[in-house]
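One structure coming up, written as structure tokens, with questions to follow.
Labels run A, B, C, D, E and F following the written order; every chain starts at residue 1.
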Amino acid sequence: MEDEGVVKKFLYLNRKAPYGSIYALESLEVVLIGAAFDQDVSLAFIDDGVYQLKKNQQTSVTSGIGVKDFSKTYRALEGYDVEKLYVDKKTMEERGLSTDDLLVPVEVLDDAQMAELMEQQDVVLSF
Amino acid sequence: MLLHTVNKSPFDRNSLENCLRFAQKGHSILLFEDGIYGALTGTRFETLLKGALKSYNIYVLVPDIQARGMRTENVIDGIKSTDYAGFVDLVAENKTVQAWL
Amino acid sequence: MKFAILVNEGPYQHQASDSAYQFTQAALKKGHEIFRVFFYHDGVNNASRLTVPPQDDRHIVNRWSELAKAHNLDLVVCIAAAQRRGMLDENEAKRNGKDANNIAEGFRISGLGQLIEAGIQSERLVVFGD
Amino acid sequence: MKFAILVNEGPYQHQASDSAYQFTQAALKKGHEIFRVFFYHDGVNNASRLTVPPQDDRHIVNRWSELAKAHNLDLVVCIAAAQRRGMLDENEAKRNGKDANNIAEGFRISGLGQLIEAGIQSERLVVFGD
Amino acid sequence: MEDEGVVKKFLYLNRKAPYGSIYALESLEVVLIGAAFDQDVSLAFIDDGVYQLKKNQQTSVTSGIGVKDFSKTYRALEGYDVEKLYVDKKTMEERGLSTDDLLVPVEVLDDAQMAELMEQQDVVLSF
Amino acid sequence: MLLHTVNKSPFDRNSLENCLRFAQKGHSILLFEDGIYGALTGTRFETLLKGALKSYNIYVLVPDIQARGMRTENVIDGIKSTDYAGFVDLVAENKTVQAWL
């Protein structure tokens, strides 16, 4: 779209749980807008950030905690060509989670691989 | 008796750990908001919580569990499920509410 | 029983205001009295009449205003915290030479004494924050 | 060198805006260019013209406005985050049927694309938050 | 002042460091206003909250981090008859702090004593 | 090379711990705001930081140290003191800045 020719590596670093605070939702909004810019985008989910991708999230404005469920939007990322989603191995283990628990396909990285991913980035957006 | 409320994930903050350090035997502890992550089986904190159940009445708020895609079946045995009405009752039954912000 | 509620965080950024709302609603349903809801720290931002959340999301401010109207709730915004954060009623705007105010219906601005008073007068105080 | 700054938290509640201001000032002093300061999440609240902090405290909003004027800075407030939190300019107020607006001089409201553009156009992006 | 006759035990629970966020300052503002109500007031400093009382805080609106130094106000508490200040023993030890490092006289409580203090309260204000 | 920034106390959050887990040998780490509490001698984290100094260039922001009543003499040996101008230089010298919020 804009700034054709320049392709930078953008990493979205997500370390916070959903619903308890808005960072997860507003981070996703940046990713969606950012997709139009044709940059090389990766999303990393570390610590409680991995909970953003948990399947079966159930709440609505009129039921549960009374907050909009935005988790289905992660499934839409593929349609925006945002396909590089990474989760941290230790994060998953400490929480007893497997990739089957997650809404979308992700790649599990160990410490060294995640460090390597971070090393390659031009721009890191932390939320 | 005191009701302690913990609204943060034990992975993220030290609030649950500190609550457990100061709560007295027989006190009630409610895990809600991101605090519910402490109530689940299979996490690094399961042993800590199982130990705490010997001294405290621990509750978890189901709407917060469901919002986050967790299931009450995965709540550690002995932790009681409750809802906002139950939260209100807990507040009424205890003399004081202490929030671990 | 008589409850007081303290909300320490602003709308949307943290769940505190949502949880406080759900709790207040449940308490009213059970026949309890809400002596006062006090908004402190960024909690004062829950009182802005200028918020325009997305149509498919909850309207946190209006929800409080409507609950206050239905149950005659006393929603009090701390004046000191509000001034720091640009939350003013008509009087405060005039007094400070500001050309606009932004407080929503059902909220009133007052001092921290109202929080202490709520602690004294109520049988329980429940705090929601970060 | 060309820098971009992202501020994720509101004034006073967290140090993020203070740190971002000190950093921006230091960068300008060293001759660097500030391509843009983008205010996101509660960071949008840094743009309120209605803030009245105590006389002996810093005025976070005016400090940004003045720095922007002195150095021709582009201070951009995210429109989606701003709407949720009641931060409106004259156009937005009109468009949403609101009777007041509260944005301070030197700030402009725009979309999230401006943040991505800042990331692309600048050589460094520095994030300040909670 | 108001509500004569009713005396409740109020505990201010401070667990956050100063300057990084405003909770310390705004908690102190409540304590000062609350002092006029002649209640039975205690302040507990646990975790990073104990850093609120550190001596030699140095910053001003025009120097340092550009934030107002409010630490002297803790010294004024005595004049408001707010004299029950408690710090947690483990908190102090983990941070290598002694009471000599603090702005005001405090009582150091171990876990059991702090738990006992909490048990006695009617109203707990957490910031 | 990356500059990692940590603005939270290691007692309160896991951000420093996680930063150290993913930073590569030779990277720079800046402790500022409440992050400065990790840079001081005598705390529970002193050993962790001393170990980290073998792999990383660690910096601490002096204005944040002073605001909080700490002294640069109490900063762990090997951690470099800097100010906002130094923070700006660190950002300029490293290809990317990664904030551990």
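We take it that a residue touches a chain if its C-beta (ideal position, glycine included) is under 8 Å from a C-beta of that chain, and two chains touch if they have at least 3 such contacts.
Because the structure is a prediction, the values reported are computed rather than measured.
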{"item": "Steps needed, at fewest, to go from subunit C to subunit D via touching chains", "value": "1"}
{"item": "Neighbouring chains shared between subunit B and subunit E, ordered by label", "value": "C, F"}
{"item": "Over-half contact-pair match to B-E, picked out of the listed pairs E-F, A-F or A-B", "value": "A-F"}
{"item": "Per Cα centroids, the chain farthest from subunit F", "value": "C"}
{"item": "Furthest chain, CA centroid comparison against subunit D", "value": "B"}
{"item": "Distance between chain centroids, defined by C-alpha means - subunit A, subunit C (Å)", "value": "33"}
{"item": "Inter-chain centre distance, subunit A versus subunit E - centres from mean C-alpha coordinates, in Å", "value": "39"}
{"item": "Cα-centroid distance, subunit C relative to subunit E, in whole angstrom", "value": "25"}
{"item": "Junction residues of subunit F - those touching two or more other chains", "value": "7, 11-12, 14, 33-34, 63, 96-97, 99, 101"}
{"item": "Where subunit A touches two or more other chains, by residue", "value": "19-22, 47, 65, 67, 123-124, 126-127"}
{"item": "Sequence positions of subunit D contacting 2 or more other chains", "value": "8, 12-13, 15, 19, 22, 41, 57, 80, 125, 127, 129-130"}
{"item": "Chain pairs in mutual contact under the definition given at the outset", "value": "A-B, A-C, A-D, A-F, B-C, B-E, B-F, C-D, C-E, D-E, D-F, E-F"}
{"item": "Of all residues in subunit C, those that touch subunit B in their complex", "value": "1, 3, 8, 15-16, 19, 22-23, 25-27, 29-30, 32, 124-130"}
{"item": "List of subunit D residues in touch with subunit A within their complex", "value": "6, 8, 40-41, 80-81, 111-113, 115-117, 119-121, 125, 127, 129"}
{"item": "Subunit A to subunit C touching residues, read off their complex", "value": "19-22, 61, 65-68"}
{"item": "Subunit D - residues contacting subunit C, complex", "value": "10-13, 41-42, 45, 48-54, 57, 61, 80, 83-88, 92-93, 96, 98, 100-102"}
{"item": "For the subunit B and subunit F complex, residues of the former touching the latter", "value": "11-14"}
